[in-house]
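You will see two complexes here that share subunit A, one where it goes with subunit B and one where it goes with subunit C.
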Partner chain A sequence: MTATVASVHPETASARSLTIDVPGWRGNIAGQHVDVRLTAEDGYQAVRSYSLASSGPGATLQLAVDRLPDGEVSPYLVDDVLPGDQLEIRGPLGGWFVWEPSLAGSVQLIAGGSGIVPLMAMIRSRAASASTSPFRLLYSVRNPDDVFFRAELETPTPGLEVTWAYTRATPTGWPRPTGRVTGDDLSAHCFPASENPAVFVCGPTGFVEAVANALVLLGHDPARVKTERFGGA
Partner chain B sequence: MAVISRGFGSRRRESDDSLPPGQYLTKDFPVLSAGPTPRIDTADWEFSITNETGVVSRWNWEQLHALPIEDIDTDIHCVTRWSKLGTNWRGVSLDTLFKDVDTVYEHTMAHCYGGYTTNIPLADLLDGKAWIAFDFDGEDLDPEHGGPARLLVPHLYFWKSAKWIKGLQMLPQDQPGFWEQNGYNMYGDPWQEQRYW
Partner chain C sequence: MAGHVDGNALAGPLSELFAFDPTTASARCASCGDTAVLARAMVYEKPHSFIVRCSACDAVLMVVLQKGDATEIDLGGLAWLRTLG
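On to the complex of A and B.
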């Protein structure tokens, strides 16, 4: 399907979100992704998958893309693309790492870096619906400047608790020292295993691997922990 | 006619005839799993093949290693578009494991520790096309990559090479496994670009 870039917005020094209009789009569930296909003037093509930060029936979608230093598609989307430019998308794709407002029960979201994108779609899906499912988000970033969707996440939302974890540098006076998310962080800030929450973990492989292992050690049912990983091992 | 994306293409990668359509080359070994990594002690590990009459052929870790072990040099292709060329594995051929299995069924479902499943036609597991692999690049296979042992079916997209393999169940008809129920192709030939439904 042909998509036209409607607007671009910087999220961090290395990432930006793109709003795209896709006439004929039939909607998507929170957590799904799309394949983006780019064609150069000489016919050369490249396709990559990106999670959607948006969900629902509308034909306006949002992607948020982090620049990979040796990438060929992400630098174009982060640095070059302008409103009015066109690309092609296929989707929605993926039926596993998804949340729908009809699902009852607590939802624990755990994001590392740009892994926030599909989880943001879930937060927005909940906010746009009548769902009363309690949500918690634990969001790990390197520095305060690396936060995606900061203003939106800092706006208090009933039923959504957000906890920030910084791995390299914190805001001034921040109580938690810098460091990777540990089992203690998960115990302190996440729904306990006894509540049997649906857990969604998304981020770089090392982050997801460490968090998912710690969740299992804390007694979470592995079948309730859904993961999405990106990046090299 | 494809839509042209203005100004795209300045950072393109070199093409390589070893790559199926739509794939790019990586030197990393990315990890893709739907949930936490199961931890299986080789003392508890076993692999089985179950036929239509319920006869189970079973191997524990020592029994598997007592069979002829092959070196496998192969390219692998993930549906998420990375390919890795010239990877080195060691494992036992499915031809060896199926030698005494009596079946007329033509389909299989792979079952894994942790609950993952994927469907593969029997013909794609035989004739030197598939292995139970337990060694990657001269080292024990990492749990993240499916250790202690995974199915290796490199001529299909890599989600068919089920991590943490536990057994194969013979089936009379093709049935979708885990990713096949969640949007991915029933067969998954990278050269035909059979990614999705």
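On to the complex of A and C.
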């Protein structure tokens, strides 16, 4: 399918969101992704997956992409793409790492960096629906400037609690020292295993694996912990 | 080994071959017998291929090869693949 870039918006110093129009899009559920295929003038092709921050029946979608300095595709999407440009996409893809408003029960979201993107779709899907499922988000970012979707997450909709964890620099006076998310963070800020929440963990592969292992040690049922690895170490 | 992702990333490449979304199907590892949805497998991307490994024992479950516009899957490491419901 051919997507046309409608607008671009900086999210952080290294990331931006892209709003794209996709005629013929059949809608998507929160958590799904698209594969974006770029073709160079010499015919060389590169395909990468990008989660959708949007969901529902509409044909206007939102992606948000973080730039990896040595990356093949992400610098192009973050620095070069302009409104009016076209992208070749395939989707919606993935039926497992998804949340739908018809699902009852508490939902614990845990994001590292750009891993917030599919979780943002879940947050927005809940807000746009009649769902009363309580949501909590634990969002790990390098520093206070590294936050995607800041306005929406700093004033969350009722029923959503947001906890920030900074790995390199904190706002002044912040109680928690910088560092990776630990089991103590998870037990202090997440729904306990006894509540049997649905848990969605997304971000760099190392982050996802460390968090998922810590959740299981805290007693969460591995079957209730869904993971999506974005790659990297 | 270089970084890896997981079975969620197979949804696009496998959409060429399957009418359903195989990442939500249960896959049984022929080596250790572990059964898990394909989305939980470990996926190592190589030029023109994806090596899919069991998250329990690391054995190769399948290899997805992209040959131009054609997609080929070597399913040798799978005992079976079953849709849910």
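Convention: the second predicted complex is superposed on the first by the 227 of 233 C-alpha atoms of A that agree within 3 Å, B and C clash if a C-alpha of one lies under 4 Å from a C-alpha of the other, contacts with A are read in each partner's own complex, and residues count from 1 in each chain.
Just so it is clear, a contact is a pair of C-beta atoms (placed from the backbone, for glycine too) under 8 Å apart; a residue touches a chain by one contact, two chains touch by 3 or more.
Source: prediction; values computed, not measured.
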| item | value |
| --- | --- |
| Touched partner set for A:Gly95, first subunit B, second subunit C, both or neither | both |
| First, second, both or neither for A:Thr132, with subunit B first and subunit C second | neither |
| Which partner reaches more residues of subunit A (counting touched residues only), subunit B or subunit C | B |
| Subunit B versus subunit C as contact partner of A:Leu38, first or second or both or neither | first |
| Subunit B versus subunit C as contact partner of A:Ser7, first or second or both or neither | neither |
| Which of subunit B and subunit C A:Ser187 touches, first, second, both or neither | neither |
| On subunit A, positions contacted by subunit B and by subunit C | 47, 49, 93-97, 205, 226-227, 229-233 |
| Residue ranges of subunit A in contact with subunit B within the complex | 2, 37-49, 71-72, 75-76, 80-82, 85-88, 93-97, 205, 209, 212-213, 215-216, 222-223, 225-227, 229-233 |
| Contact set on subunit B toward subunit A in their complex | 2-13, 22, 24, 26, 28-38, 80-81, 114-115, 144-145, 178-179, 181-183, 196 |
| Partner subunit A, residues of subunit C touching it in the complex | 3-9, 11-13, 15, 21, 23-24, 37, 39-40 |
| Residues on subunit A engaged by subunit C in the complex (per definition of touch) | 33-35, 47, 49, 90-91, 93-97, 205, 226-233 |
